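A, B, C, D, E and F are the chain letters, set down in written order, and residue numbers restart from 1 in every chain.
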Amino acid sequence: MDKLMTLWQSTALPHFEIGQVIMMLVGCVLLYLAIVKKFEPLLLIPIGFGALLTNIPLAGFSEEGGLLYYVYHVGIDTGVFPLLIFMGVGAMTDFSALIANPRMLLLGAAAQFGIFATLFGAIMLNAIPGFEFSLKDASAIAIIGGADGPTAIFLASKLAPELLGAIAVAAYSYMALVPIIQPPIMKALTSEEERKLPMAQLRIVSKKEKILFPMAVLMLTLIFLPSATPLVGMFCFGNLLKECGVVDRLSNTAQNELINTVTIFLGLAVGSKLSADKFLTVETLGILALGAVAFGIGTAAGVLMAKVMNKFSKDNINPLVGAAGVSAVPMAARVVNKVGLEANPHNFLLMHAMGPNVAGVLGSAVAAGILLALVG
Amino acid sequence: MADQLSEAGLLLAVGMVVVFAFLTLLIGGIKSIEAFVRAFPSKEEQANNNKNKTQAKAATEINPDIVAAISTAVHVHRHTTR
Amino acid sequence: MDKLMTLWQSTALPHFEIGQVIMMLVGCVLLYLAIVKKFEPLLLIPIGFGALLTNIPLAGFSEEGGLLYYVYHVGIDTGVFPLLIFMGVGAMTDFSALIANPRMLLLGAAAQFGIFATLFGAIMLNAIPGFEFSLKDASAIAIIGGADGPTAIFLASKLAPELLGAIAVAAYSYMALVPIIQPPIMKALTSEEERKLPMAQLRIVSKKEKILFPMAVLMLTLIFLPSATPLVGMFCFGNLLKECGVVDRLSNTAQNELINTVTIFLGLAVGSKLSADKFLTVETLGILALGAVAFGIGTAAGVLMAKVMNKFSKDNINPLVGAAGVSAVPMAARVVNKVGLEANPHNFLLMHAMGPNVAGVLGSAVAAGILLALVG
Amino acid sequence: MADQLSEAGLLLAVGMVVVFAFLTLLIGGIKSIEAFVRAFPSKEEQANNNKNKTQAKAATEINPDIVAAISTAVHVHRHTTR
Amino acid sequence: MDKLMTLWQSTALPHFEIGQVIMMLVGCVLLYLAIVKKFEPLLLIPIGFGALLTNIPLAGFSEEGGLLYYVYHVGIDTGVFPLLIFMGVGAMTDFSALIANPRMLLLGAAAQFGIFATLFGAIMLNAIPGFEFSLKDASAIAIIGGADGPTAIFLASKLAPELLGAIAVAAYSYMALVPIIQPPIMKALTSEEERKLPMAQLRIVSKKEKILFPMAVLMLTLIFLPSATPLVGMFCFGNLLKECGVVDRLSNTAQNELINTVTIFLGLAVGSKLSADKFLTVETLGILALGAVAFGIGTAAGVLMAKVMNKFSKDNINPLVGAAGVSAVPMAARVVNKVGLEANPHNFLLMHAMGPNVAGVLGSAVAAGILLALVG
Amino acid sequence: MADQLSEAGLLLAVGMVVVFAFLTLLIGGIKSIEAFVRAFPSKEEQANNNKNKTQAKAATEINPDIVAAISTAVHVHRHTTR
């Protein structure tokens, strides 16, 4: 009888709280979106599963001694996992399109307006009772507008660890929602004629330029914005491994097994932050709302900047490519291509959009560095 | 809150200025690299350049290299983690 | 002269104790079994080598600052390594045969009788002078009957760390000895007629069912047996990565590089627990004896359960497949197939035995959860 | 020791009951999944089902899919770590 | 205004010191040598990049909380990374040539004279004002003569951590410079006739011998030189994984993903020790000079030993193969082959040089063990 | 410093003696292994031995096995990390 009581007490049933049940449903929704809708499955499956595991009463996955506790403290608290992801992404990124047309960097810069404008918005939200975002919180939230998962996780782990779960989920969700969020904004801000604009072919970029590019980015970063070097530095390191051509075995490991392993644990650890008491708050609603705003503003700023540049440029710049400046590689570039094809079935903008797209990655890493330097 | 708002406004201004300044510098950097590489081409590149010049007229058509590059890029990015 | 003395003192020769020599022989025997007899080489080679390294006087592999010390504390003490192995095994396991014929789960349940009966036996051994197994020790020993290496290591690291080396060695040894231990028991408990029994073909299982299966297992576990979720949860996570079909790169990493890396270190770390003072005790003999008993009882219980089910089922159930319920994937299923073919050369039982075989993995993880909840 | 023995006996009883209860529940779970999947088939599965029905008679022979599945399973499990 | 000041203060510009600029140039030189000259790129690219990252003011890569800080403390301080590299190298090394002609071990022994002679030289350097090498420092420096990167890093991390950066850079640089350093010495010490000497074909070595070889090495090491077992033990473990033939998946992981991952982090962590205050000292010049001396003496000793052996041997021994005894696998063996072909275009010495080459790896690991035992 | 020098000299002597002693022991070890393997050959090796004897005369020419071994060794070592 005693054993049976112990056993009953050791089931989850007498311990479940409504919040945990809701969070497990949230986890299931993330898994559903990832598996059925194919929304960023590489991250959302581990995050969703982590959310399930962490909300089980008594399993202690996220408590001291539990697997996710260790993973979180080793990988996220230290900032190591996002940096390794950045290294791997660097080893997967081809900057040719950007090197061939470096002005595209301005589009990647413009799209960061989404981040800084949201900062403003987050503080204004404080007017509503229930919200009390500090400037650090606001910065960590605003980075969602950068449309870059690891950057968001890195900054949140430094500035607002208690909001990390919601911020990461919002960042990856909106990255997945790019094909839904961006097109209406892109169409509203451009005319049919503008969307039809063809762009001049890109020149071929030499191997030497590709090798010197990450070095140049690194040098500028470490001279002018050292607070951005953890992110930018690891990104450039990965890219150098790829482009130098003499360490293919390291480059392959960085962009395959290493990033895969880290992705699994990063996702689980982020998911472990989706506990009811941290996630089921009014602040999460605020974060989701602000994230959407940041994303929209960033897209709009990119498109408008492209329109301005098109005015002053002798070569055509299709304003649609400005939308790719938010990063969300490579989804945003593909959306640009798709919207462009709708207007002109012979106009392939994919390669042209890759320039602002990878520029957006640098742009948001730079923005993160600025926020770390000024707010952190 | 007014305090925080003005600080946020300042951050907005300073942040965008720095982002633009930084990436504009990088444009200069890329152009310098291009100039440097043109000034000191390796032997292969010189060969390529000559080849490219002769091919210049044909380049208004779709370049098969670019097509290959696009499909590679798409392929690579489909397998990107983020 | 002084240097020479220092040098002599720094050779192992004046420090060897007889126990260490014996343990190094044990390590060599494990290597011999692994390499020449091909007994579970993936684990027994690292374990055997770890036993050699750890028993060298002065090398300090397992002392503070030594490699195996770090590996043990990072990977085994925390329970991280067995859980990662379980994730990888989950990513390698195909549950089709079980989903097609879910009643096979009962065979996986019956075979756990070996575990709980051995618990009883371990306490009875205390009657013999020299044995003083606590209930925790007994539980950690009994799990050997589960025929599942990582489960045994996980439970032993929680309940009886000082017995871990002997338990792990016993578990993997008996898993390797399945083709020798099981057939006599199977033949003793079945008639020639029963062994000839053909079974109905299994239906084809849809992708959706395979995706929902790990989710169902996870849900039941976290509601009814949260103490089993570390093991079962990581197993289901790995299986979901495999079956969902949208994260093949994560699934491949989990079932290849990640599990290989962990296997190397898990083996070395387990081997580092094979020190003379821990292993050369009368308790080790008890553990080896109890493990064999647990294995035998589990096999018998599975076969008998299959006989009972065959009585009450309208479809044939060949009693041999019950033996696969102890797990030891996939060795036990292959033994069933082989014994079946001896009786009827046209009767391929392999797929039918895979059902109880993978059910046995779940069964012993559940049993481990129960023991953790009630004894831990 | 008598104490421990009775506790071990209790564990034996409770443990086996829970193991059976749990795995029996799981049988129910699997059957529910099967019913659910049958009730809400995706388009491909409907197509498959029709195909399966027409093939039903032939299925008493050895199905090549099953053979392939067996050899795959054997192959996979040969490469299993444990 | 305030923000701008903060921002200015947060750029690196007002914080740069001349030493950091020099060290960043050193990093760039290493990258140049690695990428353009293809000097040991697998290590020098991560080391060079690590040097760039660690010398950025404010970035804090190597300070508490920074990525390289963690990597260094987890991987180098503990000695774990060099040991894992050794395991991987063991899994890549084929000892056939040595087993077929075991006397080549004497060449691997002779070449270690470079190490022990340099020890002497390092102490003599103390006569020059500014140098104050302790015997521990001298031992860590002398091991550069072993021409084996991981061994040098392992020993330096134990005996002279503050010199680790310079020692590692010197070791890998000289390993890369083998084709420039060795040929003049080889030619000075041999006659044209000697360099033309053909050697008898090597017998075929059986699988059993290859399996028993690492076991024999391990046994001798643990009995006679336990202080060398961390290095030798992991090396033998890797080799056993390769040769036993039953755990190919572990062997493949050890010699690919695992060693690649460790190489990336080892390199970065070593680079993080190239800070101005540690590297820009007169001691670094001493280390570089002593390293070159050690290398040269080792080469000469190997060649001279081969000449002696050739006198007393009934089979020809081409004295050039003695130069391969310093290790620097496989560069030194290839240099021997090249110099041999210059004298006799039909005389392929590559396989014959592989014997002393791998013997040199064992030899320097043994020398490291002796130094650890007597000085550590 | 004289102290340190004499210690370094001693280390030089002791070190070289031990290195030589150790690797000489290992020569013995390898020869014992060879003898052991010859004394207790497995069946395949006995077959190989017979084959080898018949091929002994031809072995003065370049053996294709060795050529393969060399190219494999070169290939493997090119991919070595150090």
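By our rule, a contact is a pair of C-beta atoms (placed from the backbone, for glycine too) under 8 Å apart; a residue touches a chain by one contact, two chains touch by 3 or more.
This structure is a prediction, so every number in the text was calculated from the model and none was measured.
Undergrad: Decide which interface, A-C or A-B, involves more C-beta pairs in contact, and give its chain pair.
TA: Between the chain pairs A-B and A-C, A-B carries more contacts.
Undergrad: Farthest chain from chain C, comparing Cα centres?
TA: Computed centres place B farthest from chain C.
Undergrad: What's the farthest chain from chain E if centres are computed as the mean of the Cα atoms?
TA: Farthest chain from chain E, going by C-alpha centroids: D.
Undergrad: Could you classify the chain A-chain E contact as same or different, where same means more than half of all interface residue numbers appear on both copies?
TA: At the contact between chain A and chain E, which are copies of one sequence, the residues are largely different (under half shared).
Undergrad: How many angstrom between the C-alpha centroids of chain E and chain C?
TA: Distance between chain centres, rounded to whole Å: 41 Å.
Undergrad: Indicate the whole-number Å distance between the mean C-alpha point of chain B and the mean C-alpha point of chain C.
TA: 54
Undergrad: Calculate how many whole Å lie between the centre of chain E and the centre of chain F, each centre taken as the average of the chain's C-alpha atoms.
TA: Here the centre of chain F sits 20 Å away from the centre of chain E.
Undergrad: Check each residue of chain F and list the ones that touch at least two other chains.
TA: Residue numbers touching two or more other chains: 11, 14, 18, 79, 81.
Undergrad: Could you pull out the residues of chain C that touch at least 2 other chains?
TA: 3, 7, 42, 224-225, 249, 257, 260, 263, 370, 374 - these are the residues of chain C that touch more than one other chain.
Undergrad: Touching residues of chain A toward chain B in the complex: what are they?
TA: For this pair, the touching residues of chain A are 40, 42-43, 85, 88-89, 92, 94, 96-99, 102-103, 105-106, 108-109, 112-113, 115-117, 119-120, 122-124, 126-127, 135, 138-139, 148-150, 175, 201-202, 204, 206, 208-209, 212-213, 216-217, 219-220, 224-225, 259-260, 263, 328-330, 333-334, 348, 350-351, 354, 359, 362-363, 366-367, 370-371, 374-375.
Undergrad: If we count contacts the way the header does, which residues on chain B are in touch with chain A in the complex?
TA: 1, 4-5, 7-9, 11-12, 14-16, 18-20, 22-27, 29-34, 36-37, 42, 45, 48, 52, 59, 63, 65-66, 69-70, 72-74, 76-82
Undergrad: Under the definition above, what is the set of chain C residues touching chain A in their complex?
TA: That would be residues 78-80, 83, 211, 215, 218, 222-227, 229-230, 233-234, 237, 240-241, 244-247, 249-250, 252-254, 257-258, 370, 373-374 of chain C.
Undergrad: Across the complex, what residues on chain E touch chain A?
TA: 3, 6-7, 10-13, 28, 31, 34-35, 38, 41-42, 45-46, 49, 52-53, 56-59, 61, 65-67, 70, 256-257, 260-261, 263-264, 268
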